[in-house]
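Read the structure below first, then the notes.
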Amino acid sequence: MKAFDLEQVRKDFPILSRAVNGKPLVYLDNAATAQKPACVIQALTNYYEHYNANIHRGIHTLSEEATSAYEAVRESIRDFIAAPCLRSVIFTRNATEAVNLVAHSWGRTNILPGDEIVLSAMEHHSNLVPWQLLASERGAKLVYLELTESGEIDLQQAASVIGARTKLVAVTMMSNVLGTIVPVAELAKLAHAAGALVLVDGAQGVPHLKTSVTELDCDFLVFSLHKMLGPTGVGVLWGRPELLEAMPPFLSGGDMIGSVWRDRVKFNELPYKFEAGTPNIADVIASGAAIDYLNRLGMDNVRAHEIELTKYALNRMKELDDALVYGPLDANKRGGVISFNFADVHPHDIGQILNESGIAIRAGHHCCQPLMRDLKVAGTARASFYIYNTKDEIDQFLEALQEADKVMGHVACR
Amino acid sequence: MSLADDLYRETILDHYHHPRNQGALEDATVKTEGVNPLCGDEVTLYLKVDSDAISDIKLEAHGCSINMASGSMMSEAVLGQSLEQAMSVAGVFKNMMLGGSQETALPEELEDLEALQGVRKYPVRIKCALLPWNTLLEAIETSRAKGEDHQE
Amino acid sequence: MKAFDLEQVRKDFPILSRAVNGKPLVYLDNAATAQKPACVIQALTNYYEHYNANIHRGIHTLSEEATSAYEAVRESIRDFIAAPCLRSVIFTRNATEAVNLVAHSWGRTNILPGDEIVLSAMEHHSNLVPWQLLASERGAKLVYLELTESGEIDLQQAASVIGARTKLVAVTMMSNVLGTIVPVAELAKLAHAAGALVLVDGAQGVPHLKTSVTELDCDFLVFSLHKMLGPTGVGVLWGRPELLEAMPPFLSGGDMIGSVWRDRVKFNELPYKFEAGTPNIADVIASGAAIDYLNRLGMDNVRAHEIELTKYALNRMKELDDALVYGPLDANKRGGVISFNFADVHPHDIGQILNESGIAIRAGHHCCQPLMRDLKVAGTARASFYIYNTKDEIDQFLEALQEADKVMGHVACR
Amino acid sequence: MSLADDLYRETILDHYHHPRNQGALEDATVKTEGVNPLCGDEVTLYLKVDSDAISDIKLEAHGCSINMASGSMMSEAVLGQSLEQAMSVAGVFKNMMLGGSQETALPEELEDLEALQGVRKYPVRIKCALLPWNTLLEAIETSRAKGEDHQE
């Protein structure tokens, strides 16, 4: 029984009829960015062809239409992450900017010398470097949650690390390398008991797992729309309203002000306080179409489809001699991201050879260099799935992997 | 419907051209400023509160027709009312502006305000109509807080 | 003699066939944002339908194509502003973010207590509030260039204000309220003689005036693509490379790093050092189509068309009793932006009534509240032109203005 | 053309599987690290410079086939050369990789390097091929700067 009509879904994505090197595109680089359904592209075209205008301060029809479409997406996002109130949904460029916003605005007013910021060992650079810079500026310290053999959070070690000095626990919801789903609510319990806040990097989690900020019990959540069928250029910061109210603005300029004099300023209310300058209006509006599309499929179905693909892929990977798969082996504990190394073939070469068969995977450090060091590799190859991927594509992927070994001179058998 | 029917009805233009209770109030007990950050329109509201009632009210308003007319009508509607009553009128008005598209029938003494219903079709202007009322609510709150201070 | 084929240009903009309130759209809100030609919309669609992928680290075909298209636009921008080198062109979300980048990264390492930052009295909040916050944080002072009666920079007063304490002169290239074109090169001479740097807010200037950073002789230039036919969500910071090299990064995370360890980081080289996280890939690529379009028209022709429209409009405005036009009266000294007040009708009411005739103008403070205070008005109405506007549209605008006076009860004649 | 013709030619695979001059150099006079920020590939280059010539060279490389092969070939091409000559070889190689699409004919002693020409069709991989060479140029610069220090 199919959770949704996969054939129909594939038809919704124009790019899937493209050929690469004479072969149909097999797009397995979804953790980097997702493809876009026609309705999202159409939302952009429709905006630019019919009601493109600057928002919030306009009195003419185009501006009113654009403003209400933009603000309606804020409501869609609020619903999508089950957030209690609207004014705590802030649009940014991407997840990275959202983390930086918190690090600058909350961090620089709250982190003191000696404080500790707890990260997991598998954080993406975007949820790591901003905290490094904050820590070094404020004399605070980064402390790491270590991973178990299978690449999971060790809650016991976490309990020993999160304590009175902890001011913030900043963790990914799902690893973009290992696929690991992090027990955020458990970590939040530890953090809150210690009086610390929790920031969740939902860049991988929100696109693939049904998300509720209340259930995660987090204080901040960041994510990027481009990884969930939306256009490039839109991220979201959600924060507890009382925290956001108390935080100073980050970027300043037009739209985020209440009144401006030559020598002083009164800021606008939330969410505008954090949205300076002309926003990415078109892409926010088109993000609404992406959210609607995911809602139509149902996030439970999205997850079910990915578990099925992941299970299948993990099983088939076992057939390969000499393939090393990282992360939890139970598809229920992980997202549809499979990082691996194969037969001593460098991930770049794997990526290159797969591309020859029209298969797009990613190769490298995946913006997780500290994790790579822990795994004692320079990089991994990574295949990642989304709603339009099929088992047939996974078969093609496996076939091409064996071809790669052949091209490189049968390293697996040397 | 034309703009003149919806927005620029005679009552509104009358209040706009001849706004009631304009100016400063020397013996005000509360003075509150309101601003619409989107357009910069400002209103300064003066209340004289005597034993929990608005015994005098004046506005210094710089704004568009809707803003001016709404403030002028408001000053007439709440002058002489108890703070309680004024708050309830403000509630009725805000409901009318922010509620659905149905026409709301207002009590006779608030009839003038009905003219502002047409504004609901112009979402951006709703804020203009609400500014004086939100400022009133803030002023009442301030007045009450002061009262409590005195009692302590 | 027409500089370009206006009829053809109009056909290139799909939105111009839209009706508003039953009338053909007359879009005179170009200073807020410009409309987009079909080629820009097509560039977006083409990207999403054929080669959407995350850039810079991908080895597959889509990623290579996206990367080279993205980087090619950096070259187009470099050429468009006649910048000597490529690595000093940084993509941001908008002009506002670009100013903030400089205020945070350069400002917080260079501005000391007692230093002065010189702004003009007509700066947009986006080139004002970031300097206010910087100044108050660092104990520095804002100093203003005052305007002449006609809304122009007073070079004599400027010479008396720019001095040994000046660290930065941050000025607009063209006022978004008055239209005034600022003599940037003259100010730069004063600033550089005093050892200060110059940041130019090109949000209004770059879309309408042929621009060369060498001729402006500035140290930083910021602008927004959405005001020059490009999509929303893309801004540019250009800076002298030696300044950018010396500046610490602003936003941190993926893509802006060289190497990352658990406790330290080495940053990537320019321009990547300042582009953290997944960029707004699609919109940067589509911005290239906007630049190409402007280049095809020729910026000299764009300027000539706008001078012609502005001259015509200024002349026709004289017919109105009781209309007050702000800014220089000589169309050669100003851009195609006409701010005015009319017959004591509040700008909002003017805007609303014009909208009834399908005419889109802007009303309010235009993110220039300090200038509004200087002009002793709460706001102005503003009509602003671009390449697709016609004299016929200006006639319609004038007619509707007279209608506005009628609707409001002939304030002009009371 | 197939991938095997362009990228994974026999010469390249040979250097990849049997990289020359791998390891650390105990008595190196310069040690330089290079990294490709896009993929994280790293190379550590050891030079022993005697009277302005490379008397020994070794690499510790962790990278893809192109990176490894390029480094291996480089070590053979510059071993025993004067710093001047090594720089000129690096220049020839970089020109070949970054120049137009024309096939470049290299002098006989650099023949192996010609195998890397196919990489030009894969822009992302050009950086892989260049990493060891850019590291070499940096090492030479460092070595010369040191030499000047000594002369002072």
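Going in written order, the chains are labelled A, B, C and D, and every chain counts its residues from 1.
In this text, a contact is a pair of C-beta atoms (placed from the backbone, for glycine too) under 8 Å apart; a residue touches a chain by one contact, two chains touch by 3 or more.
Worth saying up front: this structure is predicted, and the values here are computed from it rather than measured.
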Most widely separated chain from chain A, with each centre as the mean of CA atoms: B
More contacts between chains, B-C or A-B: B-C
Length of the line joining the C-alpha centres of chain A and chain B, rounded to whole Å: 46
Chain centre separation (chain B, chain D; CA means) in Å: 78
Between chain D and chain A, distance of the C-alpha-averaged centres to the nearest whole Å: 38
Residues of chain A whose C-beta touches two or more other chains: 57-59, 63, 257, 259, 348, 352, 363-364, 369
Overlap residues in chain B, where contacts from two or more other chains coincide: 38-40, 122, 125
Chain contact topology (line, ring, star, complete or other): other
Pairwise chain contacts under the document criterion: A-B, A-C, A-D, B-C, C-D
Touch list for chain D against partner chain A, complex: 2-4, 7-8, 13, 16-17, 38-42, 62-68, 122, 125, 128
Touch list for chain D against partner chain C, complex: 35, 37-40, 122-125
Sites on chain A touched by chain C in the complex: 14-15, 18, 20-21, 25, 27, 29, 32-33, 35-36, 40-41, 44-45, 48-54, 57-63, 93-97, 99-100, 121, 124-130, 132-133, 142, 144, 224, 226, 231-235, 249, 251-257, 259-265, 276-283, 348, 351-352, 354-355, 359-364, 367, 369-370, 373
In the complex, chain A residues that touch chain B: 56-59, 63-64, 67-68, 257-259, 268-269, 272
Residue ranges of chain A touching chain D (in the complex, touch as defined): 346-349, 352-353, 356, 363-365, 369, 372, 378-379, 407-409, 411, 414
